[in-house]
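I've put the structures underneath this note.
Common to both upcoming complexes is subunit A, partnered first by subunit B, then by subunit C.
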Partner chain A sequence: MRVLGIESSCDETGIAIMDSEQGLVAHTVYSQIELHAEYGGVVPELASRDHIRKTLPLIRSTLDEAKMKADELDGVAYTAGPGLIGALLVGASLGRSLAWGWGVPAVAVHHMEGHLLAPMLEDNKPEFPFVALLVSGGHTLLVQVKGVGQYKVLGESLDDAVGEAFDKTAKLLGLPYPGGPELAKLAERGNPERFTFPRPMVNRPGLDFSFSGLKTFALNTVHSVDGSDQDKADIARAFEDAVVDTLFIKCRRALEQVRLDTLIVAGGVGANQRLRKKLSTLDANVFYPRPEYCTDNGAMIAYAGMLRLQAGEFVSKEIKVKPRWSLEEVAAT
Partner chain B sequence: MEIFLADEAATQDFAVRLAPLLKHLSLVTLSGDLGSGKTTLVRGILIAMGYEGRVKSPTYSLVEPYTVNGQRIYHLDLYRLADPEELEYIGVTDYLDGEALALIEWPEKAAGWLPEPDIKINLKVQGQGRSCVLNAGSDAGKLALIALQNDK
Partner chain C sequence: MKLLALDTSTEACSTALLCEGEVIFHHQHAPRKHADLILPMLDELLAEAEIKLSQLDAIAFGRGPGSFTGVRIATSVTQGIAFSADKPVVPVSTLASVAQQVIDEQNESYVLTALDARMGEVYWAGWKKNPKGFAENVIPESVLPPEKIQKPEQDNWAGAGNAWKIYEEILSQKLADNLKNIYSDTTPHAASIVRLAEWYFNDGLAVPAEEALPVYLRNKVAEKKP
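So, the complex of A and B:
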């Protein structure tokens, strides 16, 4: 079975073709190929969110890359939510209509399910059940995954997502926005002993997160010093240590709570080296998707869609999106 | 008018006073640097209006929609807007239909593209607290601020 995957829930337009025999045949992500080199990062601007102009050309170039014709596809999977309604509608309208035109079934995929299943795209993949930590600019989630479509949200951020806290603290330190990875680089030179940031919500039971207070703590700390390069590096280090510790403590607690020993980490923050090092000390097997599947991409949508199509799931000819869609409402296959 | 909010609890108390006065308004903007408490104030307002779920930062999602007791409320954050033209893309006209209440952070990013707000809120860090300045931009906004002052 060959499935076209379309991801357009936020900034990135991601297109991929997945083959049940050969695995991933081709995949492209717009903002990375076009804007990455120019700006050195994913830049949120009009062009990067303008899915209308990009989606069809990307589908064409992805088919070319796969050396395939549209009539060789057996199904279309698109992100139906959660996300921005306008952005979602582009992918859903195109995906649903193309499937109709091609005479193949279409399936609606939950964006976060795509992230959860992304480590399954690797050769060394985890076995169900596992706990998933999803950490990105827009999400901070701990999820218990029993199987495809069997998700229980164990905890999530009550305010800022962890990647957002990184980006905003980076901005407070004078780094350009979004500057999460640059903050991590700056932290390398920081003295971990100089400042101690709070570990939000670790002393309370439960698995929810709160990162907004850390940003405020960083702001107050920035105001209390001269602002030399060393000051900034020390603050960056204290901030990063606090975030990493908090995530570590909650992951450990989640694994203990549901009695599992497999953790998968997805989302852009999963690339943070200090987080990876710390999580490697867990008494658990930790899996990460490769970096290109950590951020938003079409491959994870094609994969999740393929599993659902193989299980006999498809959507009606109606074009429907769900900007707010809880992971727990996703159907089991 | 200007109010000093000593801590987060003071912000919550102020949100409780402010929330009922926003019922008949359609646009309230919140300005202030990163970490000045814009989202915290919006969270307080939504909770005071009776919303019981999580109020997440809309920085990444750009907009978070809510329905509280039949009233539609949109919490927008324009921080990531690079071009005011993007307002159309995120569907801002749907949020400014006169019936819903839009609470918009970083309105500066859409300078010239947003209608005059009913109330403009400016937050500034002052020591450990926040200074909160409110200005009315419409008759409805003026009435709301008068009611707020009389409510002391």
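So, the complex of A and C:
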């Protein structure tokens, strides 16, 4: 079975072709980061406008890269949510209509399911059941995964997503958007002993997160110093350590709570080196997708969609998107 | 000639098929239901005419101006269908669609189209019936506050589109001397889009699926951070 995957839930257009025998045949991602940088954050209307310009040309070039003709495809998978409604509608309308025209089934994929199945794209892949930490600019989730479509949300952020907290704190430090990775770079030169930031919600039971207070703490700290390069590096380090510690503590608690010893980490923040180093000290097997599958991409959508198509799932001709969509509402296969 | 057309630029959703000179169409008033309805409506239309996608010469769509989301649904669906069937696309202005209806159904020759653009503005353009009976653009499309509309030189215009009702006072005050009739209930429709598409197609104006893109007219949608 060969499946075309389309991801357009936020500011990346991802296209991929997945083959049930050969694995990933081709994939391409176009990022809108530069487009939104001038605005200091993702502008939903501009994101939609860019998706509609980029998606079909990317589909054509990905088919060319795969040396495939459209009639060799057996199905189309697209991200139906959660995400920006206008952006989702572009991928969903195009994907559903392509499938209609080709006379093949289409399937609507949950963006976070794509992320948590992304480690399955690797040769060394985890086995069910496992705990997934999904950390990106839009999401912070701890999920118990028993199998495809069998998800229990153990904890989530009550306010800012962790990637969002990184970006906002980076902005306070004068770093260009999106500043998360820049902040991590700056933190390498920081003194870990100078400032200590709180570890939000670790002293309370439960697995939820809160990161907006850290950002405020960072702001107050910025105001208390002169603002030299070293000051900024020290604040970046203190912030990053606090986030990493918090994520580590909650992951350890989650694994203990559900008595599992496998953790997968996905989403853009999963590329953070200090987080990876810290999680390696867990008494668990930790899996990461390669960086290109950590950030938003079409490969994970094509893969999740293929599993669902193989299980006989398909959507009607009504084009549906769900900007808000809990992972727990995703159907089991 | 066989052409398929669709429009989802307003609260209505419409589809039309031109088949050897005959036009059949479907039309539904369905706010926020476009994405649900469009493919089933196209299915119904093709089944009724017993035509397959592969028999079509091209796909036409209302490329805007209109609701941003609505225009993007029409664009994405058109791109998908056209790409899947390897057919070219004929983009048609929603304002031209309004003008064409007034030309065809009301026997008007000069039409000033005005559709509500929200935020105190209208989508505006002027059209003249050409010798073949098609709406030819004479005042370029723009988005502007009704107060800033320039008085056209000649008389005998027909006004068409919902902004003529919403901004009735301002527009008639400004343009009353030049106006003959007003048709404020006329909205973009796939049936007039498919008619215009035949003309454009014969003039070589069809484009590849990737080049079928929305025309928003309003292009400043966010403020840059200093």
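As a working rule, the second predicted complex is superposed on the first by the 315 of 333 C-alpha atoms of A that agree within 3 Å, B and C clash if a C-alpha of one lies under 4 Å from a C-alpha of the other, contacts with A are read in each partner's own complex, and residues count from 1 in each chain.
The working rule: a residue touches a chain if its C-beta (ideal position, glycine included) is under 8 Å from a C-beta of that chain, and two chains touch if they have at least 3 such contacts.
Note that the coordinates shown come from a computational prediction; the quantities given were computed from them, not determined experimentally.
Undergrad: When the two structures are overlaid on chain A, which partner does A:Glu292 contact: first (subunit B), second (subunit C), both, or neither?
TA: After superposing on A, A:Glu292 lies clear of both subunit B and subunit C.
Undergrad: Examine A:Trp100 and indicate which partner it touches, taking first as subunit B and second as subunit C; both and neither are also allowed.
TA: Only subunit C is touched by A:Trp100; subunit B is not.
Undergrad: Could you say whether A:Asp159 touches subunit B, subunit C, both of them, or neither, answering first, second, both or neither?
TA: A:Asp159: touches subunit B, not subunit C.
Undergrad: A:Glu72 in the overlay: touching subunit B, subunit C, both, or neither? Say first, second, both or neither.
TA: A:Glu72 sits against neither subunit B nor subunit C.
Undergrad: Taking the superposition on A as described, I'd like to know which of subunit B and subunit C A:Ile319 touches: first, second, both or neither.
TA: second
Undergrad: Taking the superposition as given, does A:Gly86 touch the first partner, subunit B, the second, subunit C, both, or neither?
TA: After superposition on chain A, A:Gly86 lies in contact with both partners, subunit B and subunit C.
Undergrad: What is the shared patch of subunit A, the residues that subunit B and subunit C both contact?
TA: 43, 45-46, 49, 85-86
Undergrad: Would you mind writing out the residues of subunit A in touch with subunit C in their complex?
TA: The contact residues of subunit A facing subunit C are 38-40, 43, 45-46, 48-49, 52-53, 55-57, 59-60, 70, 85-86, 89-90, 92-102, 317-321.
Undergrad: State the interface residues of subunit C toward subunit A in the complex, per the touch definition above.
TA: 35-40, 42-43, 53, 68-69, 72-73, 75-81, 83-85, 209-210, 213-214, 216, 221-225
Undergrad: Within their complex, state which residues of subunit B touch subunit A.
TA: Within the complex, subunit B touches subunit A at residues 34-35, 37, 39-40, 43, 54-57, 59-63, 65, 79-80, 82-83, 85-86, 89-91, 125, 128.
Undergrad: List the residues on subunit A that touch subunit B in their complex, please.
TA: 10, 43-46, 49-50, 83-86, 137-138, 156-161, 163-164, 168, 171-172, 177, 212, 215-216, 218-220, 223, 323-324
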